[in-house]
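Heads up, the next two complexes both have subunit A, just with different partners, subunit B and then subunit C.
Moving on to the complex of A and B:
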């Protein structure tokens, strides 16, 4: 019999299998040797805490970056398009990251080379003057500010930007300043926005002196931080296309949008009317920015590892190096050179539903049992972040490291302590329903969580939820979950932006973020009291004390990690730094290397 | 989950000389009195690849059945996260510290990155679960396919037309997409929001969905065979002598159909193994912590750049199994149906 096709198939498949085995062994041992090495080589310094800068800090131009030169194109790769470009509709940090290039607000954050931040005047000459115990704030506009069509940026444009926040089509944006101005969270019932020709009485402008004064209904000693949010950026009165402004915003920053193909790409080019002397925050070295939307983290990481062609000028703009590649990137010195990293300001945690788990001892037992170390190992170990033990993150003014439940000593979980508490509560075998969004990572962490809860004497129930509707499902107040994966990032680095949305009982509603559904009188009152403390350090101490008391007496969350992210960039990219607030690259500091 | 119709659909020569009817004269003609079954067995034994494949397949089934026993002797189980419990096994990134995916005297096939479960027992139990699901599906598909196919072919007329259209629809249906879309919906109806999804429910629904979409191809094949057979003289003769339809189906038609049925079944089983693994890979079907071949390969595809050993064991074992089973199917066909030339 001649050699049939079938025999031939066997021969080749065995040969292929053999070579696979060989290559596997060699690659396995080369990575295996590195194992056990301590350290993640990432940032250890939290840079989110902010000092308020002086008038000199607010005066442009921004300090030159050593070695930087003008020209060239920087390419940003990101999984998603910018969902909004209208400043008043921007709340999502990825949109704010691009907003930095063409939107300017009264104040802004000046980021130093080491990542430390200063709050300075952006459109304003300084970070504002407070009087009347935080109820009145005054800002003076800089000279020489222009829109991309060459027209002057006036104080009316600044006011217009604030007032647009009341309009019916800007619900996506932040509401802090509107609430402070009107004294109610339902501020749209008080004022309908500037399009009816009416202005807010509480915002007073003086065109001659170029000042704008806010007369607040509630004291806000940190209003200057609030106004640094992209949601309060200036919009030209003439040229405002209302709800169409989202498609084609007018730039007052160093770049303007030249082309935008939704979900595909966006090109920004220089705005010739931007004067660097008016801007102490932004450098603007590249001639243009080109963003490409679509590639997921793994894809873009692989492209930047390959570093071919145009990708030499590319930067992972928003999604970090995923757990699957982090070891390869950090153990290869050539790749490691092309990374930047930073710690996120936010906290990842598990909310315990206090409506369902009413017994404090059971909640404490869950916290004791939770296997932080095993979870972080799945995320990628210490390179993925630091253990969290408090509600406030280390970036927050006044943060005090306290570890009420000894999680730093026993990050792998303490089933004995948990069992003891459960026994005291008489709830041995308590059922715990854990809800999480389905994804590769959380399907893994589920396994260690289930094991840890079993070891501590609970009856765990695992509920994987569809990741796109995850937030909608856990934000229902009548949900049937006991422990829910969650994360929160503060809008500016004071305790208020964490405590109020997450633990103020009055915010409990479908779609709200207080998913622990904590509604305790002393917490609600403390939040009201702390927000009006004028001295930032005193306020910080008060928030830290509240943090400790909530964790000790209420135990509504299991803090998990303050996460660290690594990003890759191409070999021709210079000046790559991490934006502590947006957790993206600081675009306006990038340059093309010679 | 769409199972490509194997080439077994090529018309199978009917061995007109049925065992009962040839016993007398042909025994003299053939000289040594071998039945067609014996001849097929002899032909199969001569086919070296077929025999080797059969051994490989039997080996897989034996280790699948004996998985708990092997795990007990070996002293590990697939659920304990050894790496998480013992910090000396995994490094800071969650990769095994020892080379080659952490292979050592304690962990023969290494340990899983991240969770640190034992790869050897996990693979054994994964093979066990996958084979169980695939074997059950194949059995059900074959039984339903035989019943529907023969009925439609024998009765003909309106029944045949109706069954034919149902088969058309099923074959045209995107079953994988259907399962991915309806799986979460079905679970939310069947499982209370504060209860775990029971593993048996997953297994039963996997088997039933794969069966629901799988019987159509075998039924269509058998219908065609029966259509040709029922006009043959021996069937007509049986009918004339007053045999009941049941007798005709079971005694006259079915013995002539064992060849395509066997071939179809042996080729379908590896297809269901890969289909089940594919569904698990896509995130429906069995999920962690239940060991599964597809779940392992999915995890392997995430980490292969830093730990290819973990991809290797489930991947290579599945390749070997599927190739061996397909070759076995080929050899069975060759043995039963020597006139099909390729």
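Moving on to the complex of A and C:
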């Protein structure tokens, strides 16, 4: 879920939806009810709630899915291949979704039928033991873990996976644990990885007790969430081919890669050495998975609507039902039965540059003026997602549905309230430079945004930017933009993963993600304070409170939408559920119907 | 002929060199940074520099280009990533393999698509054009001319999608496009590509019908054709031995260029039908900021056009005795 790649996907998915917004607009507005999730045709329940599970929750096997049986082949259809298969190079959620089939880390998420999640031990016996106020974490390895060649998966292999994250060829992966272990974001200057035979002093293993202990430079009470990232998956010390591992990784999950033709197809078959008793997360019903890469969303949707031949066993693997077909799918009961949906992780928003728009009242006026309803219509109406009114998204622990500016009551914008605030600030006619990436969708949203700003008494200046360099441009400290389209997807579902990168003043730099350039002492202090709260629920409440206070007292962003994605699957596919973190199908729960 | 081929081959190399240099420069003047994509979420300047070194883009542009050019002739060792033997068109860090291997892997699809559709559109296009020319001014001519006008104004991304929706998904007359190697199943290969062939041919046939008709009509009114008739040669002999050969020159020229373009990748066709050929590969390379792959694809595409141009010039001389290779 790296920023650039992730956001590129976010941007593309929106753009894809917007390419035929016209057909979706009418139905969207006709069924739409102002406010939250009603009228979208999808699940009304937010599915991403997460708790930390117990040792019993971490003990395999995974609960059987009613009606599921073993055998057959499930086919995935996706526009793009997996960019990486080496766990330490995986960040993008699409890669993590497939990684679940052959990569395992110390912890992972157990996903219930209703989409709620429990953080449990995956390779570890439980979700870890914290001590020293979050500066020390210990995990114990399960018994019976093996690699696909039958060799035992050892605690050294787990450590190797962590230490590989420091190597020069794993720059694409996450860096959170490395930063916590070394105390610096430039962690490669402290340690070059395990290939010179040197291990990290801050990672201590006990082969006999099968334990691994992390001694952190900074307290991280949510390190067990961090370690659930695919980037921290185990890699066999003796089977590590370094750079080449990305092409041919060794499996410790229920499936192994049998064949891979880049950008064309990939076949996974059963790993005979995976023991379901060691795995409380994964079911593994199909004998094989075959992924086909290339077809765009519209082609995939049409194939699954036709539901012919092998496509009866297929599922849209990552690209969802496009706006061109969403109404057809949702209004045909037979087709709708073959869908699953959920909210994408994270939030789409517009960052207000607090270094340029320094007056709080002006920022608040912009939020009041912003036309959420018109924008969502362009995305495809209620089926495209729910209005966002907070920084935290519904899948974050502690999320509270705050609406400081009454956007749910007036999603079309409130020009009068905006004018009043502008007048109070003495900034009537204030110039607002709005930057957005050029695409069919954003070229359309630009129009409604421009109109809304004019209606509220602003003087808007529209700045379309090349989509391929968009992030590079808005992430410059001295950029000349007042409001910038942006999106953020958290790496694990705690408030830290949103608040720290987006609002911690110490992160402001060229290329950084705090593009609001908010640098307020009380915010910075609150982030430092919240991050060390050990109790996840208490931490959640603290992050939600900070969310509300930032929106009220600083107004650095205009939350836009929590976007929804629908997927279609063939009539012979069972167990199709939405992955709350990867925003794809939960592949290891799929089965072939009799 | 030999001197002609040598001269044209040297010219082709110069053209390819210029194209590679232009592609290189264009890629780098674009406001994008491939290293940033591979740098991760928290991208420190140190990590960015490391990624640039890994990707081989830390050196100045001329040095990078020189290294690339050297690799074409002598190969290159990409340190820990792998060896790229000559002729090395580059190493795709995105795909984790030498560019030439990827292109060769995709080429059978492009070859099948190009040749299959070419057979259809040449036979139908030229055949219809010939009939229209012979029946000039009659109903057949009018129908063929109108149909070709409609055909040439159609776009693959519309016809393809509509054809797929109705012929494959709704009526099940043809199967959805599928890539089955010829060596694996000739019938699967044929049925899998039939729909793309027909759609591609529908667009191209129109041009050949119009071209064949107009060329033949013009040739049939030439003095040498009239002379042949006056000498008492049969209508069939006059048509095929004199008129047809005379009219084929421009058609062969266009066919050579079309085939060159198709071999370089039928981008829209491949994307429309979800085929994994050279065209789809080039789109992917652009989207992935994969310069080595993009450069390789551009050179193969340009090379195909250049080579077919040479072939066309040679064939032209064989068909039309009035033409001599200078």
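General remarks:
As a working rule, the second predicted complex is superposed on the first by the 556 of 594 C-alpha atoms of A that agree within 3 Å, B and C clash if a C-alpha of one lies under 4 Å from a C-alpha of the other, contacts with A are read in each partner's own complex, and residues count from 1 in each chain.
The working rule: a residue touches a chain if its C-beta (ideal position, glycine included) is under 8 Å from a C-beta of that chain, and two chains touch if they have at least 3 such contacts.
As the structure is a computational prediction, the values presented were derived from the model and not from experiment.
In the superposition on chain A, A:303 makes contact with subunit C only, not with subunit B.
Applying the stated contact rule after C-alpha superposition, one finds that A:380 touches subunit B and leaves subunit C untouched.
When both complexes are overlaid on chain A, the residue A:159 reaches neither subunit B nor subunit C. With both structures placed on the common chain, the touch criterion links A:363 to neither subunit B nor subunit C. Applying the stated contact rule after C-alpha superposition, one finds that A:185 touches subunit C and leaves subunit B untouched. In the superposition on chain A, contact is made by A:173 with subunit C only, not with subunit B. When the shared chain is aligned, subunit C comes close enough to touch A:243, but subunit B does not.
Once chain A of one complex is fitted onto chain A of the other, the partner contacts of A:511 are limited to subunit C, with no touch recorded for subunit B.
For subunit A, the partner with contacts to more residues, out of subunit B and subunit C, is B. Once the two complexes are laid over each other on the shared chain, residue contacts for A:466 go to subunit B and to subunit C alike. 4-5, 466 are the residues of subunit A that lie in the contact sets of both subunit B and subunit C, per the superposition on chain A. If you check the complex, the residues on subunit C that touch subunit A are 30-33, 36-44, 46-47, 50-51, 54, 80-82, 94-97, 102, 105, 161, 164-165, 168-170, 172, 175-176, 179, 271, 274-276, 280-281, 284, 289. Within the complex formed with subunit B, the subunit A residues making contact are 4-7, 9-10, 13, 17, 20-21, 23-25, 27-29, 31-40, 323-328, 330, 371, 373-374, 377-378, 380-383, 412, 431, 433, 438, 440, 443-444, 446-448, 450-451, 461-464, 466, 479-482. Against subunit A, the residues of subunit B that register as touching in their complex are 49, 81, 83-84, 90-102, 114-115, 184, 193-196, 283, 287-289, 298-299, 302-303, 305-309, 311-312, 316, 319-320, 323, 327, 330, 342.
Across the complex, subunit C is touched by residues 1-5, 83, 91, 168-169, 171-175, 179, 185-186, 188-189, 242-244, 246-247, 261-264, 293-296, 298-299, 302-303, 305-306, 308-309, 466, 468-469, 471-473, 491, 501, 511, 513 of subunit A.
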